[in-house]
Structure formats: structure tokens, C-alpha cells
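Think of it as A, B and C in the order they're written, each chain with its own count starting at 1.
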Amino acid sequence: MRSYRSRRKWKNRIASLLALVCVLVALVPLVSILMEVVSRGAPAIDWAFLTERTKSSGAPDSGIGNAILGSLLLVMWASLIGLPFGILTGVYVSEYGDNWFGRTVRFFNDILANFPSVVIGLFAYSLIVTVIGFSLISGAFALAIIMIPIVANTTEDALRMVPNSLREASLALGVSRWRTVLKVIISNGRSGLVTGALLAIARVAGETAPLILTSFGNNFWETGLTEPVAALPLVIFRNAMSPYADLQEQAWGAALVLITMVLSLNVVVRLLTRKRMKLYKVVKKTWKERLSLSV
Amino acid sequence: MEGKIVTERLNAFFGEVHAVKNVNMSIPANAITAIIGPSGCGKSTLIRCLNRMHEVVRGARAAGKVYLDGEDIYDPETDPVEVRRKVGMVFQKPNPFPTMSIYDNVVAGQRLNGEKDWKKLDETVERSLKLAALWDEVKGQLDASGVSISGGQQQRLCIARALAVEPEVLLLDEPCSALDPIATAKIEDLLFDLKDKYTIAIVTHNMQQAARIADFTAFMYMGELIEFGETKKLFENPMEELTENYITGRFG
Amino acid sequence: MRMMRPTRKHGSRRSRASLEDKLFKYSVMGIAALVLALLWSLVVKLVFDAQTSIETFGIDFLTSTIWDPNRDLYTALPFIFGTLMTSAVAIVIGVPISIGIAIYLSELAPAWIREPLSFLIELLAAVPSVIYGLWAIYTLRPVLTGSVEPFLMDALGWTPFFEGAAFGIDKLASGIILAVMIIPTVASVSKESMMAVPDSQREAALSLGATKYESTRMAVLSYARSGIFGATILGLGRAVGETMAVTMTIGNANIISWSLLDPGQTMASVIANNWGEADGLMLSSLIEIGVVLFIVALLINVCARLMVGRVMKAVPMTGGGL
């Protein structure tokens, strides 16, 4: 029995070690990606790179300025469409959705939030590109469709966290239901709404597949809604597969810019979430004061 | 007479909170010792120190010595896993493994020790369930899930499971607080039958229970052991004023 | 005693408020319904656009293996195959690692390290897929061609899975990068499932004289197994739909080959790789492939949702694109 017991002890030690090894193995790609993007992308970055438009290989002063602008435009238009729809859907499910319809909406939102974005690109192609053509608005539409379920879910979660006592107190004071929702609930849940929006933005900023199917990319400065538009992920994709070293370097440079944007958003979200969690205890105590202020 | 379990200057902490203060107690063998006291007096913490379950909680630690048959279980050379095999525990809320059958629940501990012989396992199941006064009720449904039986039966299943590894001591932490009076009575009866073979320590908030089944009783207050003695004497003629106040219901 | 007469003012204010309430409620409900309707109409429109292809090929679309734009012959089978193979590799590599991570974070990690480590793992999901592809081409590939694939060819070259040359752009590379990409999802949902196991279960195992490892197996893993299984299905859903990283590492070969060291194509990557020049029948076929992918992804995600329920919100939604 002695040896069996020590075998169990060894199994225990090895199992703990293996678990830690798994964590380290998973962190290797993360660290490696960050290191590679910085070391290969930084040399490409200079003022010209950030402000010139993309040109073909060998052309001097090729940059990603138009891609940065394009990405910003895409995200902006996508947010203009996606955020209101997403937030209002989330409001519906949280405040009025305790019925079969609300549950259906929530169910499909959960499914859609994890859907292959290439299929969503196909949707947008079918509906808009066939009518308007490859364009900024088609791309924004595709991205908006990706944003909506994410924003709806985070909105719903954020609003659910607002304590019920706040709702009841507001209604008991005679404030109408819609005003309660709009002014009291939403303003108290706004931190969660903001982080949800930021997460959705970070997500769509990096999307490529839907853009391949709807915006196609552009080597020129173009801001028209119905024209194809450049985007950072597209530049990365096209240049990564190119045989020319200068274009490859551009891909890394663009990757550095993109990953900086996306990761900063994520870090901001994390900090805001932590602050909100700590603040939440304070909110619970002072809901009476908040109520009187927001109504 | 040296007890089966003897604590010497036992202290227990949850982080900074000093939950058990300098307890020196001797638990006699083959008898039932009850530990009573008001909520928060440290009785659960104390009993969890006796099989080194206290330290499992994050931030918790114990100091002092606890002798089991003369050997200190807190000795750095001692493996807590081995201690827990010898000193079994039953918890406040029944906690059978829901994904395992009644049979598998009972032999869970045996399997850990490497027992694979079907016949031996079958014997263990029958023996343990009989000791726990549960055999007749479940012998036809040993394949049923461990949580498909009533609360009182689940608790007896947990007792059977603890007994299956053949411990020397059985610790029970308020085992009946989640049960109805009939289930409670069944468990009290079986504990009475068990004390011939095992040393039993039971934490209870129910003084009447202590008076009913315990040979010895320890009274704790605010982490300290106030009084220890034969149950009859402690209840009828307590030595400390605090004890008397608790027993007569003046607090707690 | 004064009589309280309900004044006109009171009454109309009340009914006006409830009218506004109804208006608000139904507008919001309408928007939610609109979103749902939009999605379903998109599905319908897609199927409609795939009509040409459906009518031309019929059931052969799912059984033939010839994809030849020159002869206008299209099929979905090679890509279904490619999707299955790469996803299988992703699951085989990614799930055990994810469960290991989940066990570490849930049972073993000291309190101060848990949150920062969880954040780092979730950060893996925030990296845009195209950057994963970029990294795979320039950093992972040399490692594969240099050491991993030659080793596999030596050790396992006698199996049909490892025949062929070691170019580093093949189903193995795609599978590996997919494994990395599903780790944050599978690990966090598994971790949440494990952390939901009540401590009383762990105590029950420990008090029987179990080691920590044994207690984790007996009390935690079995209790949480449906959550872990659901997490795996979620990971599968992500792997199936992943486009960019796969497109950049799989080699764009519209063939069926059992060797992981051969290039291939998945449903998602064939669409991305061919969209530029596609029109007419080819376009319709690509759309039909998209419909198949849609159905597969839908089924997988519905299963996952049913199994894991609302724990879905543990899925890091910081995905940087599929």
C-alpha cells in the first residue's frame, strides 16, 4: 500500500504541473504575437506610413493612412446603425422581455453573437452589395449586424444588474414606466452599456471576412458611402500573402496599429468593468440619492 | 486516560480572525463527544481542525498540536490525505456526489485507495449501508443516483460513505440541522450504535440532542473551550457560570 | 372631512402616461422584432441566391468531389471535409489544453493570480483573426517546417495523416492556429462551470482522503462535465466558422486529402479565397456553400446554447473577427 500512496502523491504533483504547463502553453502565442507585431511592425511606422495612402509594391511613400481612415469610417457607420438597434433590443429583453418573445430574441441573440462572420458577410452581400455594390455602407451594414447581438447581450446584462429596488422605487414615486426605463435604469446601467459598446467596436474593428465580401478595399482616399473603402484588416490580409518584402512590412505595420487599437479598447473595458464592480456596492447603498437625482 | 484525540494549545485563524483560541481538549475513544455553543463560537472550526479540513479554505491556518493516538497530525512530515482517511467527516448539508450512483458514492473512498475487487466493494457497500441504517431502504436501488433519495437518506449515505474507508474517528458537523425530526432521530440512533467501534465527535447547536446522545460535552464560547465533562454533570451541575447561562437559555 | 374628488387633471395624466408607456414598450419591442425579422429575411434571401447552384447540381453538390471553374463544376464536399479535419485537429489540441487551463484557474491558482491570468487568456480572443493568420505565416510556419512537421513525418509518416511534404501551409497549420483561437472560449466557459461546483463537493472528496487531483476529478470534473462538454461544442462552433486565419494557412487547394500535411480548403476559406473573381454559377455555388456553413454553425451553436445555457455570457466577446 505504501507505494500506491506515493504513486497517488506523484500523480497529484504531476497533474498540478500539467495544468500550469497548459496555461503557459496558451500564453506563448499571445506573447509571441505581441512581440512579433511590435518588432516587425515598428520599423514600418513613421509619419509618412500613417498618412500616405496604400500604393503597390515598389512605390515610394506607401502608407496606410487611407486604411486607418477607412476602418474608422466603417466602425463609425457600423456603430451608428448597430448601437441603437442593439441597445434598444437589449432594453426590450431586459425590461419587457419576460415572455416567450423575449426569450426567443435572447436565444437568437446568443446564437448570432458567435456566428461565423463570413456568413454575415454573405448576408450583407445578398442584400446590399447586389443593390449598391461594394461600398462603405455595405461593409458598415455587415459590421452592424455583427455588433447588434453583442451589444444587445451586454446591454441586457448591464441593465439586469441594476437593482430591482430602483425600478420599484421609481414606479412607486409615480414616474411612468418608459421614463423609469429611459432615465433611471439606463443611466444607472450606462457603464455596462459603454463597455458593451467598446467591446463590440473592438470586435468589428478587426473583422476581415465580411469586408472581403462587401467593401473590397481601395487604394485611394475615399469616403463616399457608396464607394469601396480601404480598411486595416484588408491591408493586412492582402499584403501578408504578397511576395514583396516592402508590402509584407506594411502588413506588420498595419497589424501593429490595429492590435494597438483593439487591445487598448479591451484594457479600457477591463478597467471600467473593475471600477464598476467596486462601485456597484456603493451604488446599492446610495440608490435613494441616485433616484432623486436622475428623475 | 489519554483521549483518542488530544488537542494541545490549538489555535485556528481565518486570515486575521482568531476563531479558535488555545483549546486543550481530550476526546475519549469509543464515546460520543458533543461540542455545543452559540453561533460563531468556533465549534465548527474546531472540529474541522481535527481532520485538517480547516486549512483547505483559502487564507485559513491552524497552529498548535492535535494528537491522534499520540501522533501529531499537524507534524510537517504527516500527510493530511492520510489523516483524513483515518478521521472521517460528515457535513451539515448532505453532499453525495450527484453524478454517481449510491453504490459508487459509498465505495468512492475505497476506489481512491486502489480497491478494484468487485466482491470486496460489494461487501463494503453492504457493510457500510447497514452501519448507516440505510441498507434496507436502498438495497434495491443501488444504481440510482446519489441524490435521488430523500435528504435524511442522503445524509445517511454520506455517513456510509465516510465509514466505508474504515476511519477510526467520525466527525459530524451539525449533521441533522437540515433534516426533519424523524430523520434526525434515525441518525441519532445509528450514532448510538456506532460508538462501540468508533470515536465520535458531533457539533450541534441543539442542546437537547447533546443531552440525548453524548457521553461527553464540550461547551465553547467566543473561540475558547469553557467547560468539558460528562454530559450529565455538565447539564445538571455546570462548573462555569457561562455554561450555566447558555444551558438555561440566557443567551445563544 | 374633506371629500377627495378625482379631478380631471389626474385622470388624463394617468391615461396619457400609460399611452406613452405602451408606445415606448411597443416601439422597443418592434425594434427587437425588426432585428429578428431582418436576420430571417437574410437567410431566405441567401437561399434564394443559391437557387441557381442548387438547381444545377442538386444533391451532387454534397457528394461530388470536383471543383473546376474551367468546366463550371462546383461542389461542397471537399470543403466540408476540410472544415471537419481542421476543426478536429483544433478540438484535439485545443480542448485538453483549455481544460488544463480551467483546472488551474479554478482549483489551483493562488487568489492574486487568478484575475490577471484570466484576463490574459481572454486577451487571446481579442486578437483579430487576420493577425493570427499573419503570425502563422511568418512565425509559426518556420517552426512547423523546421521541426514539428519533419518530426511528425518521421514518427507518424506511415499513417495516412502525415504523408506528403512539410511546407507548413496545410491543414495541420490551420488546425493548430484554430486550436489557439478556441482556447479562450473553451477555457473560460469550462472555468465558469468548474467554479460553479459547490465547495461542499470538494470537501466531500477531500474528507474521504483524496488528493487535490483526485478531488478535482471526482467532485469537480464530473459535476461540471455538461458545462465542459458545452464549452467544447462552443469551441467547435468557433472553429467551424473561422475564416481569416484558416484562409491564410491552409493553402487554397480545392482537393480532398487525408494527410494533415497537405493543403486544403474549408467552407469558410473557399468563400474568402474566391470571392473576388466569382460570378454567375460560381458565385451561386459559393453562396450555397455559405448556406451549408450557416446550417452547420446554427446547429452547433444551438446545441451549445442548450447545453451551456446562459453561461454563454462567459464567452469572451472580444473576438477580433472570424
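Methods note: a contact is a pair of C-beta atoms (placed from the backbone, for glycine too) under 8 Å apart; a residue touches a chain by one contact, two chains touch by 3 or more.
This is a predicted model, so every value here is computed, not measured.
K.L.:
Select, from A-C and A-B, the pair of chains that is joined by more C-beta pairs in contact.
P.N.:
By the number of C-beta pairs in contact, the winner is A-C.
K.L.:
For chain B, which other chain has the most distant CA centre?
P.N.:
Using the mean of the C-alpha atoms as each chain's centre, the farthest one from chain B is A.
K.L.:
Using mean C-alpha positions as chain centres, tell me how far chain B is from chain C in Å, no decimals.
P.N.:
48
K.L.:
So what's the Cα centroid distance for chain A and chain C, whole Å?
P.N.:
The computed centroid separation for chain A versus chain C comes out at 16 Å.
K.L.:
Please report how many Å separate the Cα centroid of chain A from that of chain B, as a whole number.
P.N.:
Centres of chain A and chain B (C-alpha means) sit 53 Å apart.
K.L.:
Going by the touch rule set out above, which residues of chain C reach two or more other chains?
P.N.:
Residues 211, 214 of chain C touch two or more partner chains.
K.L.:
Where in chain A do residues touch two or more other chains at once?
P.N.:
Residue numbers touching two or more other chains: 8-9.
K.L.:
Two or more other chains in contact with one residue: find those residues in chain B.
P.N.:
Residue numbers touching two or more other chains: 81-82, 112-113.
K.L.:
Can you check the complex and tell me which residues of chain B touch chain A?
P.N.:
79, 81-82, 112-114
K.L.:
Would you mind writing out the residues of chain C in touch with chain A in their complex?
P.N.:
Its residues touching chain A are 17-18, 20-21, 23-25, 28-29, 31-36, 38-39, 42-43, 45-46, 49, 96-101, 103-105, 107-108, 117, 119-121, 123-124, 126-135, 137-139, 180, 183, 187, 211-214, 216, 234, 237-238, 240-244, 247-248, 268, 271-272, 275-276, 287, 290, 293-294, 297-298, 301-302, 304-305, 312-313, 315, 317-322.
K.L.:
Within their complex, state which residues of chain A touch chain B.
P.N.:
For this pair, the touching residues of chain A are 1, 4-5, 8-9.
K.L.:
Per the contact definition, I'd like the list of chain C residues that touch chain B in the complex.
P.N.:
Answer in residue numbers: 111, 198, 200-211, 214, 218-219, 222-223, 225.
K.L.:
Applying the document's contact rule, which stretches of chain A touch chain C when the two form their complex?
P.N.:
Residue list for chain A touching chain C: 8-9, 11-12, 15-16, 18-23, 25-27, 29-30, 32-33, 36-37, 40, 85, 88-89, 91-93, 95-97, 101-102, 104-105, 107-108, 110-119, 122-123, 126-127, 130, 145, 148, 150, 152-154, 157, 176-178, 181-182, 199-200, 202-209, 212-213, 216, 233, 236-237, 240-241, 248, 251-252, 255, 258-259, 262-263, 266, 269-270.
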